[in-house]
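Scrolling down, you'll hit the structures one after another.
Shared between the two complexes below is subunit A, which pairs with subunit B and subunit C, respectively.
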Partner chain A sequence: MSSQDDVAADAVRPQPTPETGTLRERVLEWADSEVFKGAISLGPVLLLLTVFYAVPVALLLIYSIFVEDPFASGLTFEHFGRFIDVSAITSLQFSELSYVRLLGRSIGIAVIVTVLSLVISYPITYYLGQHAPERWKIALVMLVIIPFWTSYLIRTYAWIPILSNNGFINSALTTVGLPSLPLLNNYIGSIIGLVYVFVPFTILPLYASMEGLDSSLIEAARDLGASRWEAFREVVFPLTLPGALAGGVFVFIKTAAAYVTPSLLGGTSGRMYAQVIETQFGTAFNWNFGAALAVILVVVVLGTIWIAARWGIDVKGSRGLGGGGL
Partner chain B sequence: MSVADSIRDRVGSDSDPNDGAGSGLKLATLLTYLFLYGPILVVVLMSFDAGRYGLRWDFTTEWYASLATRSDLIGSLWLSIQIGIVVMIISTVLAVVAAFGLSRFDWPKRKGPIATYLIFVPLTLPIIIYGIGLFVFFTQLGIGRGFFPIVVGHVLYTLPFATLVVGAGVIDLDRSLEEAAMDLGADPLTTFREVTLPALMPNIVAAALFSFTLSFDEFLISFFVSGGGAVPLPVRIWGMVRADIEPEVYAISVVVLLISIVIAAMATRLRRF
Partner chain C sequence: MTSTLHVDSVTKDFGSVRAVEDVSFTVDEGKFVTLLGPSGCGKTTTLRMIAGFETPTEGRVRLGDHDITTEEPYLRPTSMVFQNYALFPHKTVGENVGFGLKMRDVPADERSDRVAKMLELIELPGIEDRGIDELSGGQQQRVALARALITEPEVLLLDEPLGALDLKLRKNMQVELKNLQEELGITFVYVTHDQEEALTMSDEIIILNEGEIEQRGTPTEIYESPRTRFVADFIGDTNLLDGTYVENGNSAAVECGSVDVPIDSLSAAADGQSLSVSIRPEKIALGDGAGNGTETAVTLRGEVEDVIYQGNVAKVHVTIDGTELVLEQQVIDTVNLPTPGSECTISWDQENTNVLTG
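Our next item is the complex of A and B:
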């Protein structure tokens, strides 16, 4: 509502009765100024965000550029130098670049997880958005949302009895005489777990796009002789792509920074970048190097969002659904 | 396509057998639900299983019985509930205030969007980064790990979600109701208490429930800032899973899942789709 409306409303509004007291009146008058309204409504929240969010994150940035204790030791780029080992690059010893390679693997896993999440999301959202009977729709969408709100830690380790060597899948395989598959403690375990944990982030925005899709467009394509697949490829896919990409970017940035799932299911070949950050703080006690690794991860995440925004992907849209829509 | 078919199309019926959902589509949807719920079902099955992994399944309730003797687990469960309630109250109050701040007032150009972005930054940056930052922050302050750092971390973690849920309600709110109240002589405070707040109540309750369940299930922030006797349940469960020797982990997980599913279901029902 605009301020003109406020003014108009003020003009016709009867004045508060005198017996409400002068303090109350003064408070109301004071509360009417826009500056006060803005300061009182967002002031506490922004202060809290600054002190307890921005400062802790900025602290990592500060740690990353000091030799040891911030401001008590010299400034340095050695921690970033340890990540991007220039001598290893110039001597073409790429196997020495273990941190860069780990980040590369995390990004690779994130790409695979994003693609798989999108592939899984299309059929279910197409069904829910276009074909599900009206009276079941809300219940069916709720069924997608509810697991999302339960502990991802529990939902992740639930895969251990499914994927392990004597787990459900391999027991079933050996029972019918097939060889067992190495599914746990490798990158396959990481990928399966990550898709499972993050697939709702693509399902929900894609569902919103499918729901909003005018079904008469699909009917028109079909009437004009398009096969189901052609109608999907030419009509449904392009029109729902923004929703898919928004969710995809979100899954990508979540996966690239994953810690819990690769720790529980990934073993050595599924080891991911966030795990070495934790190691620096948990066991190696090299906060400065850990902070540098953390800063690099933040740059990757913010860089991804920046590129996505430049491509016109509305990441905020998926957040709306991913957060408030859940 | 027959005339009957096109008429059916025109009246918007979904029952057209030719253009309805193919059986492949239905099967894929069914499999996706199986994928979403299979692992949860596995946890429930394992919690009643006397043996270890595999296809053999012997029913037992001994793990639930032994939960009662695990004072460490019960203590952590109680701590997680306490943290959840404190976080819920702080987060919901702040979310109501912030939602109004973001959507109601005439901001100087550009400052409005900046405020919005600031509030939603915590949704974008990796949680592990925030957890580590908070750990370093409280260590530097000499506060260390414990109840207070966990509450702070969880409030900042839940606030954007809660603000989104309340904010959606503020945007949807029919302002003519408030104007009518004002026209009838109510001052802004009375209008807020008698009209605005009741109309927003479903969103506020949903935001509160979401805040509770997010905090109750939160692991990564707690992982870095818990300690000194304050170990929330997810951190305790993490330890059990890593050790991989305590079969009660499935039973306590079922308790956790039940609590979160009930609360999430209530919250999702309150929210308008």
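Our next item is the complex of A and C:
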């Protein structure tokens, strides 16, 4: 028995008796083993992920490959076939591929929202991380977080009186004699609503990167002849790319699967893929096809991110965009 | 074209804090001038105003006839070496050194030639493709220097560039920097809080304290003839005695407690005025009690209080009626070190007594 065990044994029972030592020793030894410690520390997380993530995803996969009730009906790929619709491709009737087009539009909107969020976040976080007075930083970051205190749904509804045909923006435009713009019930409404909701998710990681960026690097670039734009391109952007990627990937995933915002603000042209999935589960009661659509979304989103990550790694490998001049 | 750097009555406020107050100096082309002072004395702010990272609240900065007070940093013929080097971590050594040329649209071929030459100059040839994190602190320091010099600036600004290096490397770099500066003939404005570094390298030293210039002079002038209490105390070790000025016929002295330090009579000082004197420890000689009376020597009688052996020198603490003076003796022979408690005389040449007016 090592002295370490002695200490542990004393802690359990102040007066150890050698006679009962064998069982207690074994228990203590087991309690001290790496396997037990690993299970204790990782166990809750593993349990949580299994129950709330792995099991539902497995269920989706199972539903997607059965004709109807899982294990009670035959295995099939007909649901995936309905998505791709080979006959429409062979007859070159691409307009018939409504699900593919809808997914394409969702991915397209997700890319636009991600890029817009980053474009908006860069100047804000550059100011917050590099120029804001120290005592104001916390307060300004709080301003970014405060909207989360209100329901996402209510905040999205709030855009309707702003964007509608006789809403704030269009009233202002017509008052000064400009034509009104169709901002609601189309994809522009979806994009505006999604950017509004997701900008904080790019601001926060990008702010962390900006905050960690040594300001003397920017000064050095400026001192060596870089204009503001060149200093951004050569120094700020490559060094904050990890933060931008972290925020961008998150926004992309969430936007590609967006449901509430396009439902409220998107109308027909802003309709997104997650709404169709909902229809299959909720209205059509075709859980198998809905599951197949969900599986396709997961695969496409993960594939897109995989490509983006490869690109991101290449960027780092070449030590910055446009940095390979020498 | 002579491009003397002029800093004219420059003041800088950060909110309600005045970092630099009415600082003026000129630096002739090709000189090595050091701004020396404790942290918070305004030396870095002054340097940053020359670089263009800060705009003076009042006053002008000129280079030759050209007013550069509000010119953007990237348009100024100045280059800065940063305290933490500020090398771009995502770029190779070659890309770092060539950055300034790239920003000036120098073609890639010429750029790589000049980078190679510059790396030879700093004695690190052929490391273009290395990453910054693969370099030692000393190598990073040299690369930062190369990056700043490649654009052939008229003035090189250095903000405590050796601060992060260990002592031995720092001493080597001091000599190398000085040699490089003489070889290139570029004006160097160097900021440090390390007085020894300033004395080693500078043609001239400007001592700053609380945003104002205390004294400006060559290293010898600064060390041998400090004018203010602050300068005497900040540069090197010294015996600082505070007292009052007493004039007695054609002789004069500063009464410092139990010790009268004779000085030349001052036309500017009135009887009874408070004054301080500074005597460097190495200027004081230790006698055996007999005295060594040359005409201008100041000789005092006292007792050896303590002897601190430091290898090449020994610090001897002597009390004269309760006033302690420290003197420094070369240790040639450890047997002859004075013993604490013994009677002694100390003496120094009167011209080594510095009267401090500020």
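Quick note on the criterion: the second predicted complex is superposed on the first by the 248 of 326 C-alpha atoms of A that agree within 3 Å, B and C clash if a C-alpha of one lies under 4 Å from a C-alpha of the other, contacts with A are read in each partner's own complex, and residues count from 1 in each chain.
Just so it is clear, a contact is a pair of C-beta atoms (placed from the backbone, for glycine too) under 8 Å apart; a residue touches a chain by one contact, two chains touch by 3 or more.
This one's a predicted model, so the numbers in the text were calculated from it and none came from an experiment.
*Asks:* Of the partners subunit B and subunit C, which touch A:Val260 in the superposed model: first, second, both, neither?
*Replies:* In the superposition, A:Val260 contacts subunit B only.
*Asks:* Please indicate which partner A:Ile154 is in contact with in the superposed arrangement: first for subunit B, second for subunit C, both, or neither.
*Replies:* first
*Asks:* Touching A:Gly247 in the superposition: subunit B (first), subunit C (second), both, neither?
*Replies:* So A:Gly247 meets neither subunit B nor subunit C here.
*Asks:* If you stack the two complexes on chain A, which partner ends up touching A:Leu239: first (subunit B), second (subunit C), both, or neither?
*Replies:* So A:Leu239 only meets subunit C here.
*Asks:* Is A:Asp223 in contact with subunit B, with subunit C, with both, or with neither (first, second, both, neither)?
*Replies:* After superposing on A, A:Asp223 lies in contact with both subunit B and subunit C.
*Asks:* Quick one: is A:Pro205 in contact with subunit B, with subunit C, with both, or with neither? Answer first, second, both or neither.
*Replies:* In the superposition, A:Pro205 contacts neither subunit B nor subunit C.
*Asks:* Of subunit B and subunit C, which one touches more residues of subunit A?
*Replies:* Comparing subunit B with subunit C, the partner touching more subunit A residues is B.
*Asks:* Could you tell me if A:Asp214 is touching subunit B, subunit C, both of them or neither one (first, second, both, neither)?
*Replies:* Only subunit C; A:Asp214 stays clear of subunit B.
*Asks:* From the superposed pair, tell me which subunit A residues show up as contacts to subunit B and also as contacts to subunit C.
*Replies:* After superposing on chain A, subunit A residues 219, 222-223, 316, 319-320, 323-324, 326 contact both subunit B and subunit C.
*Asks:* Across the complex, what residues on subunit B touch subunit A?
*Replies:* For this pair, the touching residues of subunit B are 1, 6, 9, 14, 19-22, 25-26, 28-29, 32-33, 35-40, 42-43, 46, 52-55, 94, 97-98, 100-102, 104-107, 115, 118-130, 132-137, 140, 152-153, 155-156, 159-161, 164-165, 167-168, 175, 179, 182-183, 185, 187-189, 210, 213-214, 217, 219-220, 224, 234, 237-238, 241, 249, 253, 256-257, 260-261, 263-265, 267-269, 271, 273.
*Asks:* Quick check on the complex: what are the subunit A residues that touch subunit B?
*Replies:* 1-3, 9, 12-14, 16, 20, 24, 28, 31-32, 34, 37-38, 40-42, 44-46, 48-49, 52-53, 55-60, 63, 120, 123-124, 126-128, 130-131, 133-134, 138, 141-155, 157-162, 164, 166-168, 171-172, 175, 196, 199, 218-219, 222-223, 228, 253-254, 256-257, 259-260, 264, 274, 277-278, 281, 287, 290-291, 294, 297-298, 301-302, 305, 315-316, 319-320, 322-324, 326
*Asks:* Under the definition above, what is the set of subunit A residues touching subunit C in their complex?
*Replies:* Result: residues 214, 216-217, 219-227, 230, 234-235, 238-239, 316, 319-320, 323-326 of subunit A touch subunit C.
*Asks:* Provide the residue numbers of subunit C that touch subunit A in the complex, in ascending order.
*Replies:* So the residues of subunit C in touch with subunit A come to 51-53, 72-74, 78-80, 82-84, 86-92, 94-95, 98-100, 102-104, 108, 111-112, 115, 128, 131, 147-148, 151.
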